[in-house]
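Chain nomenclature is as follows: A, B and C, assigned in order of appearance, with residue numbering initiated at 1 for each chain independently.
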């Protein structure tokens, strides 16, 4: 049980680095979607007994994170007619190194935190910290709106992963995290609507600089 | 049961507004809901209901100390918006009215939330509900401002969820049973796992601080306030920020119960002073009078958290300042919106001599300026004075000195912009418009009434309010 | 006497088999593209032809122009003698021989680059600069991989380090080393061995000025290096040393063949990458090796 979960979290960590290193938007979207599915099935592994509620949450998470939002993002990508992240603020190599350093620091740092014995052996906390860091790097370091949204999704995946620690004690709080997906939905709809409304050169957030102090 | 109506009335109103046919009559729902809400809130202020300790929502002393201010501010905005939306007939106001009502309902819920998760859900919902309001003007600059708001605010809100998880884990690690009401967490007190409490405190401070607009998480604020209609600015600066502030207060109480109150106070002081310094510096540089209001808001958020860090007297002063800030910011935003509409521009390079074009709004704007820069006898003067006194009494003279210095610079910055706008000779574009500008009672009275309320707060603070604040302080600070 | 004989046989096997690999790669590429392609033994014919030709020497060049390729070839042949061959082990084996292996590889690269600079031509210098700047990154990955192996086994002797299968870290290490293999041997996506557009060449630009026997030596040395890396990669993943001599040799040969086919497939299916993307892939290889190292450290602790 635990080793399967650790393997999945390790996979999610690898996907973080993949998202950091790839310049193609479609690759980032795919990495994010796969990560969403991987994390979505996680509650089922945590449960020793089958629970309808948890199964439903897992199903909804997989559907939303793995399919609905990625397909919306792909649509936005088509609408905006962009394929690649050309000149990120933080280059691919530095962000990859930052992400890897962060992953290592997360694994090392999580040992210092006081964890309940049943969570001590798992990669839940380091995996979550690594994903949050990756999300923040993408949010800060990329200029294309779609990569930023992917960064937000990865950040959100990290928070969800942390929430799994609490899924037994306060399932409601953890499930409310699905509201964050709503924010992502608003982001993506914003991109699409804006694209339809006006001709916007390349959806480069660096062009959103009229308002500057 | 009545306190739930505070949440239900606006939400029902929002649903009604969404399905209401007829753009002309729909805005009337706003004052209707506003009157009901304000009446109920004031009634509850005078007759506080009993709150069962385990309830997830309730009109507890903290809600009682803050929520009526938001309610009054909303009522003024609602009256104003009837006239405003009559001018803006070129756009459908369906989403605007519905979102504004939804925000009121969610703000009421957020103020009354006594559960960590519920607090987060309402704050998240408020964040999302404000999006259509910010984008109401539909320009590319409005889109840009909305995008920044959502990106920065969304990240902040995500971090505050993480902070909530950490606090939940602190409780679980300390042997908690998953009871995440603030009462339950405070009762667990020293049983909470301290490292997790500290992590949670940092994340929640960053998260809710982003919603409040504390520096350095304030960068969305000037853009959002600059591009959104004045009503939205007033509701964001007076309503949404106070929800985030009460959230920080409630969390601080938990952190303090866990025995880390000193660290929490120190971080609050640092971030508050930093906000004030940043705001004062930007106020000296800005040339746009709507962005000026945003920086002024950053400054006042700094004052609030400094107050929150200064013990009983400081928290009391912070509650006082929430009220005076609500009233003066409302007056300023609404009168600034009038001036902005008449002038057709927002920077002091393009606008001048507005006292000749819109004399009433300009008068309110100038008076509001004196109120917000803490000139006696307006409310902000007395609340800020109490913050300074609390600082000196707790032996933090340095804090008081920086605080006063920032106020001075903010005063310079604000007067510079305001008098450039009001004074002088109208530019040609405005003088042509001068004959046509009709300052209806609907757009002048609401800011005037808010200003009057600010004056009243300063001259004769009602006893019911001081009692409410004292009781709320008693809830938040366990040991004297 | 027997040792000397065995070493000679071993050297002969390395030298004779090495040119087979580029032939296999080209055959795979031709097969994927649906062509017949050159014969598998093409490189042998090329080498023989080059050996018979005369050398064109620049008047500017010092003796290093010829000495460079020669030293590089000797260094690579020496490295090959250190590399254990499954159950047979290495011809020479001592404590810390893995360091010598790394140094010999670096020496070979240095000498090739040196020879490229001898004629003073722009292309030689450009190719050498590119080759060396890629090498900086790939060597880091290689050394990390070596560290991971030595931490895993607690040993710094090559034959010991490779005798143990590394478990879960082996996959990471194999992926990282595969990237290093492609970069070190100038294969697609880092460099295209078939390109003759000067501006995009890396390795080919470096050896542009050589001809005749020195060029044959360079080509042969490159094929030894490819075989060396293929053998290393195979032994990192598979515990060949534990098998019986016959099975071990067969497994090793099969694995080397599989690696070669993989290189061919990668070469057929991907395009050469832009120069500025190359550091990204090499960094990824380095990170893979680094994570393998961390896994090894954690497993040890």
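Just so we're on the same page, a contact is a pair of C-beta atoms (placed from the backbone, for glycine too) under 8 Å apart; a residue touches a chain by one contact, two chains touch by 3 or more.
Keep in mind that this is a model prediction, so the values were computed, not measured.
Peer 1: Would you mind naming the chains that touch subunit A and likewise touch subunit C?
Peer 2: Output, common partners of subunit A and subunit C: nil, no chain qualifies.
Peer 1: By CA centroids, point me to the most central chain in this structure.
Peer 2: A
Peer 1: For subunit A and subunit C, what's the span in angstrom between their mean Cα positions?
Peer 2: 38
Peer 1: Just the number, please: Cα centre separation of subunit B and subunit C in whole Å.
Peer 2: Taking the mean C-alpha position of each chain, the two centres sit 66 Å apart.
Peer 1: List the centre-to-centre spacing of subunit A and subunit B in whole Å, with centres computed as mean CA coordinates.
Peer 2: Centre separation, subunit A to subunit B: 31 Å.
Peer 1: Mind pulling up the subunit B residues that touch subunit A in the complex?
Peer 2: 116-117, 120-121, 124-125, 127-128, 131, 140-141, 143-148, 150-151, 154-155, 157-158, 161-162, 164-166, 168-169, 172-173, 176-178, 180, 193, 195-196, 222-223, 226-227, 282, 285-286, 291
Peer 1: Across the complex, what residues on subunit A touch subunit C?
Peer 2: Touch list, subunit A to subunit C: 17, 21, 23, 92-93, 96-97, 100, 104, 107.
Peer 1: Quick one: in the complex, what on subunit A touches subunit B?
Peer 2: 113-116, 132, 136, 139, 145, 148, 152, 155-156, 158-159, 162-163, 165-166, 168-170, 172-174, 176-177, 179-180, 182-183, 186-187, 190, 194, 198, 200, 205, 208, 210-211, 213
Peer 1: Give the list of subunit C residues in touch with subunit A in this complex.
Peer 2: Residue positions touching the partner: 277, 279-280, 283-284, 287, 290-291, 294.
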